[in-house]
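Consider the two complexes below, in which chain A is the common component and chain B and chain C are the respective partners.
Up next is the complex of A and B:
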């Protein structure tokens, strides 16, 4: 007997022009978990990595100080860990360049049990921020908490410092059903 | 109703003679009908201990870089190579490690058909019930605009041992 489909694309967005954030709304509540795959490059006046983040919500994106996260990261020479509490987003790092040379980096986020209405929501993010030979690179992972029991039906992936992701950056949301 | 777009493209099980490499899409035959690629590898090398496997695309041996983040159970560290001939795939057990232990890893490659540089995200572990075992995250970049049509996995030391398994999946975004 064929198994039911359990890894299903919900929506995908490819930036046609530079944009500071991308949002997914009206996320169906019919899956168990969500996976967001991003392939992005940010803008900054010098080559570096910039702080970006994820916000979620139910009916509207929550921009309050309701997020916390713990990061484990490596910059190519040493490992580090840091925390953020009462933050306005669940942050991590993305590569930024002054001009688009074709570099794109991978960010994969797993949202667990996103549609329940009993527990605070958690998600795991794996991020790459790498720009060929430049020395300002970083790789890492974060564990994140949204202190709200509401089901997640909106997700925003943004550069909340006000700069942009380059056009051609892609964002795809998948649903995973446990049964 | 949307349907699953996470499909097995190919799978290799290493036989009794071992294998010097595992190749997907030999001759450039990985289909271009997916958005992303995912490789799942359960592997062991026929020599060495806690070895460092690697990966190349399209037979190319240039324009790769990577950053690693690892934990050993006794501490953490980070390493990198800004210009090299392959992408590090973290860690894998070798013949010098506990018998019957195999490293596990996921290798995610988004937008493998795009005209942008190719980014790779690797998660790998080699647990052997010894004083030092590794978990590894790797960010890899192939600074090449070509579509990926073949992938070669190298064991890092000796050959891939018998019972090593690598599977290539294709994921569509629509």
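Up next is the complex of A and C:
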């Protein structure tokens, strides 16, 4: 029986200044799965969470309408489900505030079999958008589809409300290799 | 804070590479398969995790997970909450349904599943399993958070996941978490 230690950090980015997106490029093709762990806070003057979108590509980020998602979420009083089709990114929610009070919340995305060239790519995201100055919180999960059989070697994590992630937000990409 | 051994599908924490070990992988070939089996599972880890790309014959079907060759449905309970894209619902069955909501075609709706099998070597308590999984097909699909209870205190040494037919390219990878 083969066994090998894995779950290897590939790259980490910490925002030194506010930015609207973070990208990972030249992702090695030597793993089975990727895991992206983001600890973020976005800026939004009128709401407490923002739309975040993941885009991927091979050689270049695919900005076409080739993404879709199914979401399950809860806001503390009810559960809901929603869907996006033919979207320009794979979307979910992240915490946002009009001023940075130090809050950061975590988003974890699992890209399954990202380097195969036979299947469309599916990934799972868990997110929680909650903060300390407002009672509006949300927690949820999504399954996403990229309608492309290409191996993923680029990932972009972007603020799709047209604003920025605050500095200090962190993004770490891990690789998991199966036996 | 660094938490060695925290489950990889959790939403926070970090893993040490040496604490997360690939054990076995099953990739379904061109003939398909009716089951995926992990046997002789080492008893030297705290938790197990299965990471799967799921391709069944019909999108949305559920598999059945069995431990130590116990195929008696009444020995298992399954609870899950799920989203259909339009509403959220929950259900329970006296069955070992897992993975839930598997995908289907390789270029239409491949599914994903991450299954955590907690404290699998402990012989003093029944076993609890949890899953995040689902599929999306650009206009249809499901996402779920699921659990299975196995009413047995035995250490888990064998895992079998059954479905009428897993399609080619389905892949199940088993990992040990210290």
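Operating definition for what follows: the second predicted complex is superposed on the first by the 173 of 179 C-alpha atoms of A that agree within 3 Å, B and C clash if a C-alpha of one lies under 4 Å from a C-alpha of the other, contacts with A are read in each partner's own complex, and residues count from 1 in each chain.
Heads up, the rule we're going with is that contacts are C-beta pairs under 8 Å (C-beta built on N, C-alpha and C of every residue); 3 or more make two chains touch, one makes a residue touch a chain.
What you see is a predicted model; the values in this text were computed from it and never measured.
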Of the partners chain B and chain C, which touch A:118 in the superposed model: first, second, both, neither?
second
Of the two partner chains, chain B (first) and chain C (second), which one does A:144 touch, if any: first, second, both, or neither?
second
Across chain A, the partner (chain B or chain C) reaching more residues is C
Could you look at A:71 and tell me whether it touches chain B, chain C, both or neither (first, second, both, neither)?
second
Touching A:6 in the superposition: chain B (first), chain C (second), both, neither?
both
Touched partner set for A:51, first chain B, second chain C, both or neither
neither
Output check: A:106 vs chain B and chain C. Expected answer is one of first, second, both, neither. What do you get?
both
In the overlay, answer first, second, both or neither for which of chain B and chain C A:128 touches.
both
Look at A:33 in the shared chain and tell me whether it touches chain B only, chain C only, both, or neither; answer first, second, both or neither.
second
Can you list the residues of chain A that meet both chain B and chain C?
5-9, 72-74, 79, 106, 108, 126, 128, 141, 174
Which stretch or stretches of chain A touch chain B in the complex?
5-10, 12, 37, 39, 72-79, 101-106, 108, 126, 128-135, 137-141, 168, 170, 172, 174
Touching residues (chain side chain C, partner chain A) in the complex:
8-12, 15-25, 40, 42, 51-53, 55, 81-88, 103, 106-112, 114, 132-139, 141-145, 169, 171, 173, 175-176
Considering only the defined contacts, which chain B positions touch chain A in the complex?
2-6, 35-36, 65-71, 76-80, 82-83, 108, 110-111, 114-117, 119-121, 123, 137-141, 143, 145, 171-174
Quick one: which bits of chain A touch chain C in the complex? Just the residue numbers, please.
1-9, 32-33, 35, 68-74, 79-83, 85-86, 106-108, 110, 112-113, 116, 118-124, 126-128, 141-145, 147, 149, 174, 176-179
